[in-house]
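As written, the chains take the letters A, B, C and D, and residue 1 is the first residue of each chain.
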Amino acid sequence: MKNTLSQLTRSHLFWPCVTLVLLCLANVYFNPGFFDIEVKDGHLYGSVIDILNRAAPLMLIAMGMTLVIATRGIDISVGATVAIAGAVVAALIGGSLVIKDGVQTYVSNVPMPLAIVAALAVALLCGLWNGLLVAGAGMQPIVATLILMVAGRGVAQLITEGQIVTVYYEPFFFIGNGFIFGIPVSLYIVAVVLAVLLLLTKRTALGLFIESVGINPVASRFSGISARALVFWVYAFCAVTAGIAALIITSNVKSADANNAGLLLELDAILAVALGGTSLAGGRFYLIGTLIGALIIQTLTYAIYSLGVPPEINMVVKAIVVFGVCLIQSPALRDLLMKHAFRTGGTA
Amino acid sequence: SASALTLGFAQVGAESEWRTANTGSIKEAAKAAGISLKFSDAQQKQENQIKAIRSFIAQKVDVIAFAPVVTTGWDTVLAEAKRAKIPVILTDRSIETKDPSLYVTMIGSDFTEEGRKAAKWMLENVKGQGDVNIVELQGTVGSAPAIERKKGFEEVIKSEPRFKITRSQTGDFTRAKGKEVMEAFLKTDKNIQVLYAHNDDMAIGAIQAIEAAGMKPGKDITIISIDAVKGAFEAMMAGKLNVSVECNPLLGPQLMNIVKDVKAGKQLPKRINTEEGVFPMETAAKEFPNRKY
Amino acid sequence: MKPTPVLVMQDICKSFPGVKALTDARLRLFPGEVHALMGQNGAGKSTLIKVLTGVESPDSGQILLKDQPIRPESVDDAQKLGISTVFQEVNLCPNLSVAENIFIGRFPMRGLAIDWKAIERDARKALLALNIDIDVTRTLSEFPVAIQQMVAIARALSTEAQVLILDEPTSSLDEDEVERLFDALRELKRKGIAILFVTHFLDQTYAISDRITVLRNGEFIGEYPAAELGRLELINTMVGRDIDEAGQAAKSASSADRPTDRPFISVQGLGAAGRMHPIDLDIYQGQVLGLGGLLGSGRTETARMLFGIDRAESGTIAIDGAPVRLNSPRKAVRQGIAFCPEDRKTEGIVADLSIRENIILALQARRGIFRYLPKRVQTAMADEYIKQLGIRTPDAEKPIGQLSGGNQQKALLARWLATEPKMLILDEPTRGIDIAAKLEIMDLVKTQCRKGLAILFISSEMSEVLRVSDRIAVLRDRQKVGEIDGKAADEQSVFRMIAGAEA
Amino acid sequence: MNLAGTINTRTLPLLVTSVLFALLFGFGSVSYDNFFSVQVFLNLLIDNAFVAVVAIGMTFVILTGGIDLSVGSIVALTTMVTAALVEQQHWSIWVVVPLVLAIGSLFGLLMGSLIHYFRMQPFIVTLGGMFLARGLCYVISIDSIAITDPTYAAISEYRISFGEEAFLSVSAIISLLTLALAIFLAQYTRFGRTVYAIGGNERSALLMGLPVGRTKILVYTLSGFCSALGGVLVTFYMLSGYGLHALGLEMDAIAAAVIGGTLLTGGVGYVAGSLVGVMILGVIQSLIAFDGSLSSWWTRIAIGVLLCAFCLMQRLLEQGGSNLGAIFSYWKKPAEGSAPAR
């Protein structure tokens, strides 16, 4: 019994989970209906669903970011990539009113699948560019991706000409607003990406190679791993997750806002990765931990909205929670408390 | 040509559609008026605007105009402009300064007045007896429009105790945030009569959230917003948005005339307001074809 | 009258998760003696030293310095108490200059500022005393490990300490350097400083030490005057069973006699400006080619070019007669070449990965991402090598960084053996490996060789090179100066060849 | 001449960066009227004085292998506290400035302690610090507060003239002094060298007996101090306190340090490089302002393109340069006795 408990606490998922549960409890305390889920219009409806749904883009990007960080890198351009991919898909689909069979319907400018593929391709391109700068030219990841972070939003605005591009084409809304068996589509997307990633990292040598490169790139290279190619593709993948997230976001608000879409998303994604237990210095990574990290962030945001926290102290609340979460997860603090407990226990 | 007038214009950024329309109007008007325009985008940072103004001074432009990111902190750089004998025009909002001679005139909207207009429309149109619970979607915390639109609105409803702001949260002027915040509001609060959004984008996001909650925006919840951009008119025509208070970005032509007047040495009032209306749902269809932004 | 010890460690216990590294370990150090701390890999030598210097805190036991109980919490504390240490592995800052590495922490000041002139001057002097003549303003990472090790030694020697601890300072130093170090130690001894010395080289133990403490499995076995403990006895005490050193060391005559028709790899004029003069080498299957030479003679450089780490600017390489271009380690691995680098900490181990993952890493890299070895196979493979090479660990899932130095080295060897290579480049493979394991590894090398493996063997231990090599290529100043038959060669002939090039 | 000695791998990035700065400036001078003037150059210093000070603090943090995301927020908080105290409480500048510097340092000290004692990741701790400091600004006031104190106004408008048309501000002078002090701190004090050692290899630094913990805490304290000083310069620059001041400044400071040749992995770089980095970011902005024809989005793209071109050139030159260095040291060898036969 004691053994399983200690094993449990040693699992890297334990403390992130504890944090998430605590946050949920806080939510329930202030808002008893927090866990209520009802069925409305044939789909699930409730706070928890909102949180999951809203966290989906963050979870996707954070997963890509996890891999990047595991290789000792960082990608601060994901927000810009979201803006670009969102702009592309919105601009391509748009939607114009036509009268078909006597009914007014909106049709897309280009076929929707094509538009989606194009958006993902553009996102991939962004990733390849980052990969090229980092792995090819050997730039430091933070500056290499800073370039796209700055220029990317410009490119997105160029595509939308500074306007918010509204999408009118109904079928596209399904991605961000639709439900399958009552559960939001975005969650299926997260599940699929997660499954693919878990498969790749656990059932192939990808995970091993990524961790190895992140821990000791030189030794990995000397063992015959092509570290550069690996790093290159990891950036590409991260951008694709941003592209998918862009589809969800764009579809969800039915419009693309080049200036604001995905703003500061990179910070949240990195925070999610760190809260999930992955070290920002690279090496061992925990995808599930990252997902929990993303959920922690979204639950916190939701709590701030629903508890009626005045907007001027949003940031303070967020800061305190971030510190609190980190303290809970800090083994050093636990050791300290443990020692203290023993000492007082011993003298008593 | 050497004789052409050069105007240095330091824009806030391109943070919204409204701003883009504002920039577009200024660029077009400058071209039409034969004024050579030096345009600088500050990406929402005051320090960038100050740098831009300095570089305009170094470039020896004829007139400097800028839309201040924030009302305070301009004295030093404007004093430099004054020393270089370059007249300065403010657009969009005014600045706080002890020395009003630092700028010639200010042309633009009055955010506080917009907030008042929104509140007045509400007092006139939201009928009934009981309490009216209002939720507010604020703009970016600390930004001038957010502060002033809130101030104007609160000023007017103060006199009517049955109107109460029950929840207020920032939506960062964006659709996505507007939607997210409204979703959370709807889950925790079943009793919302009015939504006041500091701009149209947040209102549009919130409308989606209200629809997803199975309610009818514009009917179950009265929605009031500011800016009156095209998207708002579409929403109004669909009956989902009740009213939008105009905040007119198209002050390019007016600005160019002022630039010319300043250069010609004409006396100008310290403040020139732009014409702004209030567009309730019913007038939307008629007005829509006239909208340029 | 019996002198009193400066330092006494009593009943030291230390456990790590899953391992009891020290059980009631003991140690006494007298002023003016060199004390050898001996034991197999993983016996707990480094751990004992870490406890003494405040890096690890003991679970129980006590330390007395001049009869005063001490409990250093950090290296800083220990230094203040007069305990100066060279840790196993080079623990210096690669980004700082050589001079700075020697003096950081106790810079001479001129007013408020660091006196850089004095530092450079003194650093130069300190290194010259060890016969190292290098530009001390250059960054440490520009130098090979051997030099780095000498820098670390110079750092320790130049402090005013009453206790000096050296944890395997001589692995990968050649005889000349070792002799210099010993001269310096004798000097300190005369001054009455107590020196604790860890090494796996018995010759060195006997050359310098006065007394010997033996640890086995973290336990104190005994303390002996060096003069009274014979070599074989010492080995047997360390290992805990009888080992016949001489018998195993005998040259296996068979391999070199095998007729080899054509070299596995043939190198013509391989070189790079500024790094290596063009070199010709032929390495045959079933043979060991030794590289002989002194520090900085270009042995590592040659190996790195062969493995595609450093790009050669001229020359050709043919494998089995077919020309190949080896411009990345990956390509070399694909060609069946394996390379065990000399700097295991920065170029070898992937510290946070488990032993299992470290062992299968190269094999997996060769198989590619998608042909993933099932976990079951990995574990089986790791377990087998752990057994075969005697890696001391509770299980294969422990991070390799937590292994003792020698055991890490063994795991690295396992990594390459697992790829079943056609050619194995071993750069200082016996660094930090205990005598029993060394014999086993040499044996393993021989066995592999007999099975048709080609081996390029580099070691600072000339005797080791002589023992295993069928042929020896002698390098000097990054240039090949000749090649001799391994069977006929002895140390004199090699040194003559090195010297001959000088004339 | 000891060419190989001067172009060594450590100073090369700094050299390359400076040369590229000159190139950029030259490009502007050729392309735009009135660009080539002493004052345009000095304006770079004036306008970026606070960025430079913040970047200097950041450089120390990065040199230890850490990162400090809170700098921009601490700048904003400093301006806010200053404005509140000076305007609303009418405190004297001579009390307020030391006080805010102390607050900034304390903020850094607390973050450093969390990082060291609880072994938290710097990125996260300082991210929390970033939210906290920015949040505290709004707690003081969400609106901006103008500083009308005459002393502030006087300092703000005081100009130190050089010749007829060229002048510097007090802030610029302070930033240059800070730089000089920082260079001394980094190169000639134990603290500075320990910073480098930690960045090189933290464990080694520990095993060498260096005060790693104390230095790490001090580095964040120093960064907090520099941010607060930067904040003071911002109050001189803009005469106001505002919660939205210095948004995203942390990225500028990090970028400046990195462009100036500091490695984010720690241990490599020069404080002086960060000033050059700041100047390069500044000159890119000036180029765009002088061009004056770019729309908002083209401005962003142009900044990105210039940044990219710059970094690529830097990489190219560095690689070429270190090859050059290797060749030089190769040819230096013969002096030591063994002439290579080629």
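Some observations on this one:
Please note the rule applied: a contact is a pair of C-beta atoms (placed from the backbone, for glycine too) under 8 Å apart; a residue touches a chain by one contact, two chains touch by 3 or more.
Remember, it's a predicted structure, so these values are computed and weren't measured experimentally.
Interface comparison, A-D versus A-C: the pair with the greater number of contacting C-beta pairs is A-D.
Among the other chains, B has the CA centre that is most remote from the centre of chain C. A separation of 71 Å divides the Cα centre of chain B from that of chain C. Taking each chain's centre as the mean of its C-alpha atoms, chain A lies 30 Å from chain D. Centre-to-centre, using mean CA coordinates, chain A is 45 Å away from chain C. Chain centres here are Cα averages; for chain B and chain D they lie 35 Å apart.
In chain C, no residue touches at least two other chains.
Residue positions 157, 162, 311-312, 314 of chain A are each in touch with at least two other chains. Across the assembly, chain B contributes 13-14, 20, 23, 141 as residues in contact with two or more other chains.
Taken pair by pair, the chains that touch are A-B, A-C, A-D, B-D, C-D.
Interface residues of chain A facing chain C in the complex, by the touch rule stated above, are 203-206, 208-209, 211-212, 215-216, 218-226, 283-284.
Chain D contributes residues 114, 117-121, 123-125, 127-132, 134-136, 138-139, 142, 251, 254-255, 258-259, 263-265, 295-305, 307-308, 311-312, 315 to its touches with chain A in the complex. Partner chain A is touched in their complex by these residues of chain B: 13-17, 19-20, 23-24, 138, 141, 167-170, 172-176, 179-181, 183-185, 187-188, 201, 204-205, 208, 212-214, 231, 234. For chain A in complex with chain B, the touching residues are 31, 33, 40-41, 45-47, 50, 54, 157, 161-164, 166, 177, 249, 252-255, 257, 259-261, 263, 301-302, 304-306, 308-312, 314. Residue ranges on chain D touching chain C, taken from their complex, read 8-10, 184, 187-190, 193-194, 196-197, 199-201, 203-211, 267-268, 326-327, 329-330, 338, 340-342.
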